[in-house]
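You will see chain A twice below: alongside chain B first, and alongside chain C after that.
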Partner chain A sequence: MFRRRLTNVVPAAVKFSHQHNKFFSVEAAQRVAPLTDGLVQSLQRIVGNNNVSQAMAVREQHGKDESYHVCAPPQVVAFAESVEQVSGVARLCNEHRVPLIPFGSGTGLEGGINAIKGGVCLDVMKMDKILAVHPEDFDCQVECGVTRKTLNNYLRDTGLWFPIDPGADASLCGMCSTSASGTNAVRYGTMRENVMNMEVVLADGRVIDTAGKDRRTRKTSAGYNLTNLFVGSEGTLGIITKATLRLHGIPESSVSAVCSFEDIQAAVDTTVQVLQCGIPMARIEFLDEVSIDACNKYSNMDMRVAPSLFLEFSGSPKSLDDNAEIVGEIVKMNGGSDFKWATDVDERNLLWKTRHDILYACMALRPGCKPYSTDVCVPISNLPKVVVESKKYIDEAGVIGPMVGHVGDGNFHVFFPVDQSNPDEIKTVHDVSVKMALLAQELDGTCTGEHGIGLGKRELLLKEFGETGIEVMQQLKQTMDPNGILNPGKVFF
Partner chain B sequence: MSGFRILVGCKRVIDYAVKVRVKPDKTGVVTEGVKHSMNPFDEIAVEEAVRMKEKKLASEIIAVSCGPQQCQETLRTALAMGVDRAIHVITEPKEYESMQPIHVSKILSKIATEEKADLVIVGKQAIDDDCNQTGQMTASLLDWPQATFASKIEKSNGDLSVMREIDGGLETIKVKVPAVLTSDLRLNEPRYATLPNIMKAKKKPLVTKKPSDYGVDITPRQEIVSVEDPPVRQAGQKVESVEELVTKLKEAGLV
Partner chain C sequence: MFRRRLTNVVPAAVKFSHQHNKFFSVEAAQRVAPLTDGLVQSLQRIVGNNNVSQAMAVREQHGKDESYHVCAPPQVVAFAESVEQVSGVARLCNEHRVPLIPFGSGTGLEGGINAIKGGVCLDVMKMDKILAVHPEDFDCQVECGVTRKTLNNYLRDTGLWFPIDPGADASLCGMCSTSASGTNAVRYGTMRENVMNMEVVLADGRVIDTAGKDRRTRKTSAGYNLTNLFVGSEGTLGIITKATLRLHGIPESSVSAVCSFEDIQAAVDTTVQVLQCGIPMARIEFLDEVSIDACNKYSNMDMRVAPSLFLEFSGSPKSLDDNAEIVGEIVKMNGGSDFKWATDVDERNLLWKTRHDILYACMALRPGCKPYSTDVCVPISNLPKVVVESKKYIDEAGVIGPMVGHVGDGNFHVFFPVDQSNPDEIKTVHDVSVKMALLAQELDGTCTGEHGIGLGKRELLLKEFGETGIEVMQQLKQTMDPNGILNPGKVFF
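Now for the complex of A and B:
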C-alpha cells in the first residue's frame, strides 16, 4: 500500500540487483524536465538574484561529494542566508514538486547530495554564525554553515572542544545529517550522543526545534525524541538549519603510540583485550600493511610495514603512565613490537596527521582515482572475524584495498582507489564491498557505521532492517515529506 | 634559578577568523560585539616561552598586555598556557585606538628593565595593523640584540642560536642574551588552554599598571584620516581577438 503512494521515490520493485549504471549516471538528472523560468524567478525573489545560479560550473560543484559516485548536477543552485529563506525555498519546491537537496560542505562519502532526480540544490553555508557558547553548561549553538574546525578554533580559549572528528572539515549540521563519527568516538561517542537540539525546516516550509526552542538540557523525557529522528536522516526528512551541540573538556595531556603486529588477528585481538580491560582510550586506530605502506610513501614516514595500531590515551599525567603500562603488556602478549611513544606534541600531531591523511595517501597509490569506501561496523568481539575474512575477499578480487579502522568501535574502512570511468572496476570493488557488508550483517553488525546510506547502500539497508523495518521508515518519510521532494533517491529507493 | 626570565608581549586583537567590517563613518573598523583573542603570533611567543620553561631553559615567564579592561582576558589565556604572572598596562579604549608600536615598545622596555628580564619575546607583527615594529623598537630602546622572524630557537652555550625566516630562505644567527626575539609562524604550534589550567590561571597574579607608572606618554603621534574598504572589483570584459583588445585599450585611453 505504501509503495504505491511513493512511486515518484520508489521504483517498481525493490530488488536486490546490481544495476549499478542506473545509479551512477548523469543521465538520470537529464531525464528530468528543465526547471521553468517562473520557478527560477520565484527562487530569486526568495533568496535574491545573486544567490541563484544556473551556471554549469556551480551546478557541477554542487552535484558531487568526495565519493566515487559520478557527478549528478542539480538544475539550479540557490544559496540561503536565513532560515526564513530556507523555509520559503522548501515551500516553493513542495508546491511545485521539485526535488530539494540541502548542501553543506560537500565532504560526504556516499553521494548523499548527488541530484540524481535534478531539482534545486540549496547551499546553506552562508548561514555561518556561531550563535552562542555556554562554557559552564558545556554546550553551544551553531548555524548550518559552521564547520567543525571553525567551531573548535572559536572555542580554543575556553578549554572546550567538539570532539567528533570525521577527518574532513565537515559542516556540523551535515555531520548531524549523516550521524557522523570519527577517530574519537571510542571516548566521546558519535553525533547521536552529542546533538541536544536542532532547528529543522520541514518539507512544507514549517520550522521546528526538535527539543523545543532554546532548550539545551543534558537530559530530557519530554515527548518523542525528534532530535535523533533527524540525526542520520541524510536530508530526506528535513533541512537542518541550527544545531545545539554538547561540548567536552580538552584533555589535560595526551600520549600517543604506534605498535605493529605479525598479523591482523593479533592487532584486532589486542584492541578487544584493551577495551575489555576498561582502559579509557581516546583513540584506537588500526591500519593494515597496505595502509602503512601508503602512509610511508605519502607522508614520508618510516613505519614498519605490518598491521599496526595507532593508540592515544588522554587524561591526567599520572593516569597516563598506568594505562600505558597495562596496554604495553597486552601488546607484548599478542606479539606486538616497535612500541613507539610520542609525548612531544609536535610528534603526536605528526602521527595523527599521517593517520588523517590516509584517504589521500590511498588515492595517491593510484593517482587520478576516487575513493570507494566501505564502512562496516560489528560488535567488537566479532571484529577479528570480519577483518580477516574481508582481507581474504580483497586478495581474491585482486584489488588494492587499504584497511583503516576505528577498531575501538568495531568499525573499519577499506578505501579502494577506483577509476571513476571504469564500470568493471567499480563492479569488482562493489562486489567485495557488498560481501563485506553482508558478512557484517550476519555478525550482528551494520553496513554503515558512520558514512550513511546515500546512493550506494540502499539495497543493503533493506537487508539490514527487513521489509517491515523499511516500511516503517517509508511511513515516516511519507508523513514528513508526502510529495517526496527532500533528497529523493537517497537512503531508500 | 639559573633559567631565563622571559617577558612576553600579548596583544588583544580581533580574532583572525572574524570578517572585519569598516565602520560606516570610516573612522575605523567595527570592534563592538566582535570576537577578540590573542594575536596569533603572540600565542606562538607564549608557547615558545612555556616550552623553554618546560625544558628548564627559563625559570619565570611574565606576560604583558597594553589596552583596555578586556586585555585581562588575553592575559588569563596566557596564564592558562603556562605563564607565571601577568602585567596589565591599562588605557582608555579611545587611547588604545591611537596607540602605536612606539608607545608599546617604550612600555615593554621599561618593564623589561624593571623586571630584570633576560629575554623579551613578542609576535613578529599584530594581525590588525601588521606593523612589525614593536620587537625591533624595543630592542633599540634597550640597546639589546634582536632576532626577528624566529622559526627555531636553541640554546648555544650561554647564548641563543636562532633560525630566522628571511626573503632568501633561512638564516641562522647567534644572539647574546639579553635579547629581543620576535616569533614567526613556524616556530611552534601553540597549545590549547585546558579546563584545569584555566581554573589555575584565575589564581595566578595579575597586576594592573598605567603607562604613566613607567613614565611613558601615550599621546597619539598619528591621526587616522580614514579607513575604507578596498574598491569593489569591477567585472572584466572578454574579447574575441587581439585587434579587439587593442581597440578597447585605445578607447580607454590606455595606449
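Now for the complex of A and C:
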C-alpha cells in the first residue's frame, strides 16, 4: 500500500530529471502572474527606492546558485537593511500571497534560492554587522549577511575562530539555513551544534528569538528547541536575520599531511580504522585520483595522481606527535605512501585552499559546465561499500565524476560537471546520483549530509522519511507559513 | 504594553506558588470526569488485562516524580510492551480526548509526569531492550525503558560508553524528553547533541522516525530537524519509544581531584579562568560548603567543609599531566588548596558517586523533605555574579540551600529541601528561585539548563521567550496534538 502511494506521488527518478530540467527554466518563472505596481511601490516604501530592482541582470543574478539548476529569476529583488524591513516585506508578501525567497551569498548547491514560482527575492547581504563578540564566553552574534571568512578575519586577534567551513565563503545565516558543515565537522560538528540562538522573521512578519531574547547559554532545556527547527529549514519556515554562534579556541599547534593509496578502498579503510581507534582528527578528507588531477591543474600542485587523504592533526605538540604516529602506522598497514607534511602555516593554508577550491577545480575539467553534486552520508562502517559502488556507477555511466569528501563524517560528494543545456547528460548524471542515494539510504544513510534538499533532492527526501515523516514536516510548514509564501517548491514538492 | 499583557496572563510569582501547591493535590486530580468503563476495557484489550491498573498505590506511584510537587495520580496506569501498543493507546486517548502521560523512571525534578488533569499514565519501562550496538560506528539503539546505567553496563566490554549522566539512573528516552545532561556535558554535550534518531508515537497514533527509518549518520541536512524538536518536548508532542544514541570511546586514562577555596567567588573564578584558557576538562563541578557538609554526612566522606571544585582530566597520560599542571596553577592563583587526587578507579568512582548522590544527600539534611531545585544557566563570564548573588538571596531568606553545579556549562542548582505540606515554606523558596531565574535571564541566561519546564517553570518560560516565542511553541503543540491530550498542563499553562 505504502509503496503504491509513494509511486503515485513521486515521479520516477528518470522522469523527474527530464521534467525538472525543463520546468526550472527562465520561461517557467515568467509564466507566473505579474506583480502589481502597488506591490512594487509598497516594497519601495519599506526598503527604499534604491533597494528595489526589476532589472533583468539583477533578477538573473538572484535566480540561481552555484549548481546546475537552470536560473529561475524572481520578479523583483529587494535589498533589506534591517530586521524591521525584513519583517515589513514578509508582512507585505504574506498579505499579497506572493512568494518570498531569502537570498544570501548564492553559493548553495541544490537550487535552494531559484525562484521557480516567481515572487520577491529578498537579498539580506547588506545586513552585515558583527554585533558582538564575547571572547570570554566563546560566542558571537552576527547579522545575516556576514560571511564565514569575514567573521574569521574579524576574530583574528582573539585566538578564537568559527570553524564551520563549506568550501564557499557563504553567509553565516545561509549556512544556518542549510545546516552547512565542511572539513572541520569531524572535530567541531555542523551548524546544528554551533548555533546557540537566532533572530527569525516569520511568514507573517512576527520576529522571534529562537532561544529567547539575548540568550546565549551553552545549554538549555527551556521549551521547544526552535533554534534547531529553523537550522536546516532552507528559508521555508522563516528568514534568519541574526545568529548567535559558538566560537572555538584556535588549537595550540596543527600539522597537515597528504598520503596516497593504490586504490579507493585502501584510502577509505584507513579512514574508518583511524576513527575506530578514537584518534581525535582535526580533519580527514578523501580525494580520488580524478579530484587530485583536477587540483593539480587548477591549483598548480604536483600531488601524485592517486586516491589520497588530506589529514590534519591539532592540539598540544605532544598529543599531535602521538596521534600522527598511530595514523602513520594505519596508513602503512593499508599500503599508503609516507606522509607529505605541510607544517608551516603557508603550506597548510595552501593545502586547505586547494581542498576548498575543489568544486571550482572540478568544474575547470569541463569549462562552461556547472556542478551536479551528490551528498550522501552513511555510518562510517558502510562508507567503503558506498564509495566503491559509487565509483562503479560512475564508471559504468561513462561520465566524469570526481569524488571528494568529508569521510570522517561518512559524507562525500561527486561533483559532476554537467552541461546545463543537455538534458540527456543531466539525466545520466541524475540516474547515477539517485542510485548512490538509494544505496546510502539502504545502508542507514542519508541523501544529503550538508547541502540540503532544495530542488534537487525532494524525491529522495520522501523516500528517506516515508509519507508519515513528510506529512509531519508539511504540517509544521503549514503552521509556520499557512499561505505557503516562504521559498515555495523547496524541500517538498 | 507587553509588560501589561504578560501580567494578565501569568499570576505573580507569589500568587502562583500558593495556588500551585493547592492546585496539584490529590483531590484536584480526582475532580476530573471519571473514565468510562469502555475506555478501561479498550486499554485492557490493547495492552492486556495484566498491564492495566487502577489500584491507588500504583496510581500514586505514577503521579509524582522526585520533586516537591504534590502527587497528582492518573486515573489509570497502563504498561506498554511494544510500539504498537503505545500507538494503540494514543489513538484511543485521542479519540476519547483523555490526557495521556508517558512515564519513564519517574526521576524528573519539575513535576513533568504529575497527572494534574487526570487521564491515562502510560508506563513504558517494560520496553527495555537494547536493540543494536554498532561499536564500529559509535552508536546504539535502545527502547525507551533502558536506563543509562543499564546501557553502560551492557557496553562494558566494548570500550565505549554513553556519557550523559543526570544524577539519577534515568531512562534514556526520558532523558531525551527533558533534554537531560549532567557532569559530563562540559565535554560531551547534552542529549541534544547525542541523539541521532528517535521513534516517536504521535498524539493520533502515527509513528515516525525523526531522522528517517534506520538513519544513523553523524550528520544530515535532510528536511526539518524533527529529532531536536522532540528532544526536550517533555512528552507534550509525542511519546518517544526508541532512541539511536551516539557512543564515545572511554578515554585512555582519567584522574580526578578535589580542591577547596576560601569563598565561592574564588571557586567560580577558577572555573571561568580554566575554561577561558581552553583546557579540555572532562568534568568541572562546584559544591558549596553546605553541599560538601551534606556529602560528608550522607556518603561518609571527610572533605574540608568549604566551597570546592570536583575536577576530572582525561585523555592521553601526557596531555593529562599538562592540563592538570595548568589548572593547578590557576587554582593556586585563586587561593585554592592543593589537589586531593583520586587516581585509581575505585577512588574516582567513589568521588563521582558522592557527586551523583548529592540530591539525596541534600534531602537527608532535612529528613522527610522533598527537593525544590533551581536550574539556572548563564554564559560563564556571568557565572560568578549569579552564584554570589544567589547565595545572598538564600542567606537573606534564611533557608537551607545547598548549591551545586555543572559550572563548566554555566549551570548550577540549589537543592532546597522543602516540606511539601508547608505552603509558606514553599513560597519562600519559590521567591528565591524566581529571583535567581530573573537575574540569570537578565544576564543572557536561562531558567533551566537541564531539568526542563514541567509544572514548576512555566511562568519563567513565558518571561524568557516573550509572548511571540510562546505563541510559536503553542502553534507547534496545537499542530502536533490538536486535542491537547499529550501531558496537558506541562511546559505551558
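Here, the second predicted complex is superposed on the first by the 472 of 493 C-alpha atoms of A that agree within 3 Å, B and C clash if a C-alpha of one lies under 4 Å from a C-alpha of the other, contacts with A are read in each partner's own complex, and residues count from 1 in each chain.
Everything that follows uses one rule, which is that a contact is a pair of C-beta atoms (placed from the backbone, for glycine too) under 8 Å apart; a residue touches a chain by one contact, two chains touch by 3 or more.
Fair warning: this is a prediction, and the values are worked out from it, not measured in the lab.
Peer 1: Can you tell me whether chain B or chain C touches more residues on chain A?
Peer 2: So, of the two partners, C touches more residues of chain A.
Peer 1: Quick check on the superposed pair: does A:223 touch chain B, chain C, both, or neither? Answer first, second, both or neither.
Peer 2: Touch partner of A:223: chain C, not chain B.
Peer 1: Looking at A:249 after the superposition, I want to know if it touches chain B, chain C, both of them or none. Which is it: first, second, both, neither?
Peer 2: both
Peer 1: Would you check which partner chain A:150 touches, where first means chain B only, second means chain C only, and both and neither mean what they say?
Peer 2: Touch partner of A:150: chain B, not chain C.
Peer 1: Is A:44 touching anything from chain B or chain C once the two structures are fitted on A? First, second, both or neither.
Peer 2: Once the two structures are laid over each other on A, A:44 reaches no partner at all.
Peer 1: If you stack the two complexes on chain A, which partner ends up touching A:449: first (chain B), second (chain C), both, or neither?
Peer 2: second
Peer 1: Is A:343 contacted by the first partner chain B, the second partner chain C, both or neither?
Peer 2: In the superposed model, A:343 contacts neither chain B nor chain C.
Peer 1: With both complexes overlaid on chain A, does A:161 touch chain B (first), chain C (second), both or neither?
Peer 2: After superposing on A, A:161 lies in contact with chain B but is clear of chain C.
Peer 1: Show which residues of chain A both chain B and chain C reach, each in its own complex.
Peer 2: Chain A residues touching both partners: 249.
Peer 1: Tell me, which parts of chain C touch chain A in their complex?
Peer 2: Against chain A, the touching part of chain C is residues 134, 136-137, 139, 178-181, 185, 189-190, 192-193, 202, 206-226, 228-229, 231-233, 237, 249, 272, 276, 278, 315-316, 318-319, 322, 375, 377-381, 409-411, 441, 444-453, 457, 460-461, 464-466, 468-473, 475-480, 491.
Peer 1: Once bound in the complex, which stretches of chain A touch chain B?
Peer 2: Residue positions touching the partner: 150, 153-154, 156-161, 249-252, 345-346, 349.
Peer 1: Per the contact definition, I'd like the list of chain B residues that touch chain A in the complex.
Peer 2: Spelled out, the residues of chain B in touch with chain A are 15, 17, 35, 37-38, 73, 77, 80, 188-189, 191-198.
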